[in-house]
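The structure follows.
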Amino acid sequence: MTTYPIQEHPCTVLTNEMVAPQYRHLMLRAPGAALLAQPGQFFNLLCPPDDHTQPFFRRPMSLYRLEREKQRLHFLYKVVGRGTRALARMRPGDELNVLGPLGQGFSLHPNWKTLLLAARGVGVATLAPLAEAARDQGRQVIALCSARTRATLLAVDYLHALGAVVHTVTDDDGSASMPAVEAFLQGVIVEEKVDALFTCGSKRLLRLMQKLGRDYDLPGQAALEQQMACGFGVCHGCVRPFLRHGRVVDLRVCVEGPVFDLQEVMTL
Amino acid sequence: MTTYPIQEHPCTVLTNEMVAPQYRHLMLRAPGAALLAQPGQFFNLLCPPDDHTQPFFRRPMSLYRLEREKQRLHFLYKVVGRGTRALARMRPGDELNVLGPLGQGFSLHPNWKTLLLAARGVGVATLAPLAEAARDQGRQVIALCSARTRATLLAVDYLHALGAVVHTVTDDDGSASMPAVEAFLQGVIVEEKVDALFTCGSKRLLRLMQKLGRDYDLPGQAALEQQMACGFGVCHGCVRPFLRHGRVVDLRVCVEGPVFDLQEVMTL
Amino acid sequence: MREEDVSLSVEIGDLRLKNPVMPASGAFSDDMARIFDLDVLGAHVLKTITPQPRRGNPQPRLHETAAGMLNSIGIPSKGVKHFLAHTLPRYARYQAPLVVSISADTAAEFAALCEQVSVPGVSAIEANISCPNLEEDGRAFAMFPESTLKVMRRLREATELPLWAKLSPNTGDIAAVAQAAAAAGADALVVANTILGMAIDVETFRPRLGAVMGGLSGPAIKPIHVRMVYQCRRAVDIPIIGVGGISTAEDAAEYLLAGASAVQVGAASFIHPTTMPEIIAGLRAYMQRKGISRVEELIGRALA
Amino acid sequence: MREEDVSLSVEIGDLRLKNPVMPASGAFSDDMARIFDLDVLGAHVLKTITPQPRRGNPQPRLHETAAGMLNSIGIPSKGVKHFLAHTLPRYARYQAPLVVSISADTAAEFAALCEQVSVPGVSAIEANISCPNLEEDGRAFAMFPESTLKVMRRLREATELPLWAKLSPNTGDIAAVAQAAAAAGADALVVANTILGMAIDVETFRPRLGAVMGGLSGPAIKPIHVRMVYQCRRAVDIPIIGVGGISTAEDAAEYLLAGASAVQVGAASFIHPTTMPEIIAGLRAYMQRKGISRVEELIGRALA
């Protein structure tokens, strides 16, 4: 019997705890096929009804962490609207249907020894599995986590535990200002001999990483977000323009992405 | 400040237990204004979503029992479709919004000493509070409970506890056949000097009670069911024809009923 | 901004309402006085009446659908005589302007009825030229600009009261129908009535409604009716009253932004009967939050 | 009744399908081969293509509504040349009949495109004369009988393949449009496309969609589209393919009872991508339960 790579998986909520104001860590018990997800891929979650009404669309969420042997699938999410609000109310034992794994994840060239990850806010959820993969493959990870406040810095301990060198910057003390971050990352790139750049979670950070990529001639990848209906390529709702081979082409974030070559992304 | 007789009441599920296959007894903690309901009145329940979709309409349910001092409101219901199926899944602690009390309940003439109640199936839920009121007012109650099987006879113990004389008939042993029931009720009416007839839950039983009412010149009341949108008189969805003062008039089951004069009801 | 700095008052032609929230015809009566103070409303709109008594459609008259409902109530009416003698006087106790909805099968009967209800105590007449149950296959005056023009002209001649035309969504060109109603002298448009729909019971193979087809309303239709208000707003200058799927203050604001000067609430009241007072309070809170002092500033703002 | 006694096969004109379940245009591509065996379907219907490449509408293109969605994808298309060279060959591996959906701004371009796609490997052509995003204010050929007749005649002359006309719900008289399409020689009707709708963000005061208006689909519209299928069934003799809000086997059966010979599934696949195979299995179970051996016996049964 053929098994199909994309499936709906009935999962069970194990924990769904607040990790910072407005941010939650969701851990699910998931069936085996869901656990084949790769870093940078995502799932489309069927959030439960909110105040008696069912959000029509699923909600895309990046794979945050996988524990294959324990059959655990993790997400890290920000509560922003009705879907995530309803998600936030889920309790251990509740059932959650997730569709996936979806999309193209990160691809790591064998020669890349040192990876620089720059995430803003919950963007770190998307980059964390990359750090885990890098550790497993003996690569070095330097991560910059940016957030509004100290209180909303996410996953720092987890990245530490994965062996990454973690730097944090925040708006409240001015350390997350673009000039400061640029200067800091320039230093890291030069001193640590960074081989590739990865980013997720902020348009300004993305632009900065693109500039650094050009300035230091470094390859890179960015994970994007775009509203989705299907998540598997048929509706064309998530299409946006990219610069590929010198031409503007419309690509589907859900299938051709969500991870794209850093310099292809058009940020206007 | 004016208080309005009809309100939405946020209630909390205390218990929601199966009492027979397909039948459940729902006990709610309810605020004071809900506890002013009278026998024969009903509430319109906002059932929770079923498999991710919210039933649009509320579901009407008769008051089954009230415990004013304990702030408890009881319903007895049959699981038939999506609304009641969703209701059946509610657990203690869950919130349920009920609108009411609605409609005209039973009215007991002071001279009526002995009441004959004939209920089919879950129709007994509607008549039970009448038995309780009768007991409080020192009236005698004789109840006939009819059901498909022994296992689906409902509320018999409760009616006993209320001091009613309870007779049960079922289809499976033939005792619920109309000729048998008619003969039996004729005997009861004559021997017990019944003053008034009450019925709910079956068209055939209703017709029989109408006939007995005419034959023995007894007054009576019947509680009806009709699909409803609003439950408080504005939509005209629940309208059906009645024979009143010799003319056919269209009346709203939710406001002019659900309890009607026995002989007014048209059963075609 | 303080609560008392917010003005919810709107103008529908010569009629000033203290707020833009009123019931939709067929979803209101003074039975609701048992639920809240009916004088909080911007206006009272009554169930459509007809010249002669009629019984309405056979049961079943209701069917629930995804985020909405079908109804085939039809227009049960005790006739205009009963209305004038018994119903109208009951509403004299309220301050809220009274809007009487009327319908008839022919333009001549419609005009006669319009004249009959143009009496003291009535603040405006809503011409239901759109009831999809009335005519065969849902055909109604408001399906075409020509028939709209014709009937609305007759009605205009029949009354000096503010005259509102309730349009039908069952048309291919709502803007043209709106222009016809305006050209005939309507003081305002009510956009719109229910959408013709049906449902079939897959167990019995029979239609779910006694009348086979019925009108769809509720949240399901909101995007369609918002679009129609927007199209009408671009097509005519007279005020528009938006109706269709409104159940929250945000829904009401959406209609105002699309070009409505006021809104009506139908099916939502069946589920939460205090929807209208809650929308009024919610609109006030919304405006405070957005720092907007007059609700009229919202009207048509999405067209800018 | 045993499973193997149930026949799901239906005829759409000369085309026999092994079952009546196929995707709606715009909600399918061979990307779904990663989710289930695409050869279980009664047919494959592709996203509408246009003569020249076009980019479709600006973002945002999606908005969720109560029990439904608005889309303003428009018709991004790589053009017919790319289609013939690259897309069409990809579908040669499947047994399911391939239906190519086409659209163009003028009748002449439409006919030329129709001829171009009348090639081996294509089993039928679905003429999308109804896309509400294509023309200003949602105007489309299928809004009026006259324009439908005109464009369908040109298309009929341009191809010998089975020709399906996809109708628009944004018309006041779907039966007349259906008759026009049949008169022009359409082999089947697809009833119907999305309903024009819009939504406004009450925080920004701006329309939710980049293209301002978009098409409403999903369970919310099912009662409207079932009604239209029923009306078309009474008006014409050619087969009808029902589409709009179908997400279960019962929904599909409802359309069949209303007069459809087959059904298409759109938005539901986005939420549960295996909706179509589940409907096929569910229809089989439904028929066993009802003791009906041929699905064709259900067609139009509610009209009896």
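Order of writing sets the labels: A, B, C and D. Residues in every chain begin at 1.
Throughout what follows, a residue touches a chain if its C-beta (ideal position, glycine included) is under 8 Å from a C-beta of that chain, and two chains touch if they have at least 3 such contacts.
Quick caveat: nothing in here was measured; it's all calculated off a predicted structure.
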By label, the chains that touch chain C as well as chain D are none
Both chain A and chain B are touched by which chains?
none
Farthest chain from chain C by C-alpha centroid distance is chain A
Using Cα averages as centroids, what's the distance between chain B and chain D in whole Å?
48
Chain centre separation (chain A, chain D; CA means) in Å:
36
Could you list the positions in chain D whose residues touch two or more of the other chains?
65-68, 218-219
Interface hub residues of chain A, defined as touching at least two other chains:
46, 53-54
Touch-based graph of the chains, sorted into line, ring, star, complete or other:
ring
So, with touch as defined above, which chain pairs make the list?
A-B, A-D, B-C, C-D
Touch list for chain C against partner chain B, complex:
26-29, 31-32, 34-37, 47, 55-56, 59-62, 64-69, 71, 73, 76, 218, 267, 269-274
Which residues of chain C touch chain D once you look at their complex with the stated criterion?
65-68, 70, 137, 143-144, 170-173, 175, 195-200, 202, 205-207, 213, 216, 218-224, 226-227, 230-231, 245, 250, 253-254, 257-258, 286, 298, 301-302, 304
Footprint of chain C on chain B - complex, ascending:
2, 4-8, 46, 53-58, 99, 226-237, 239-240, 250, 255
Contacting residues of chain B [partner chain A, same complex]:
46, 48-49, 52-54
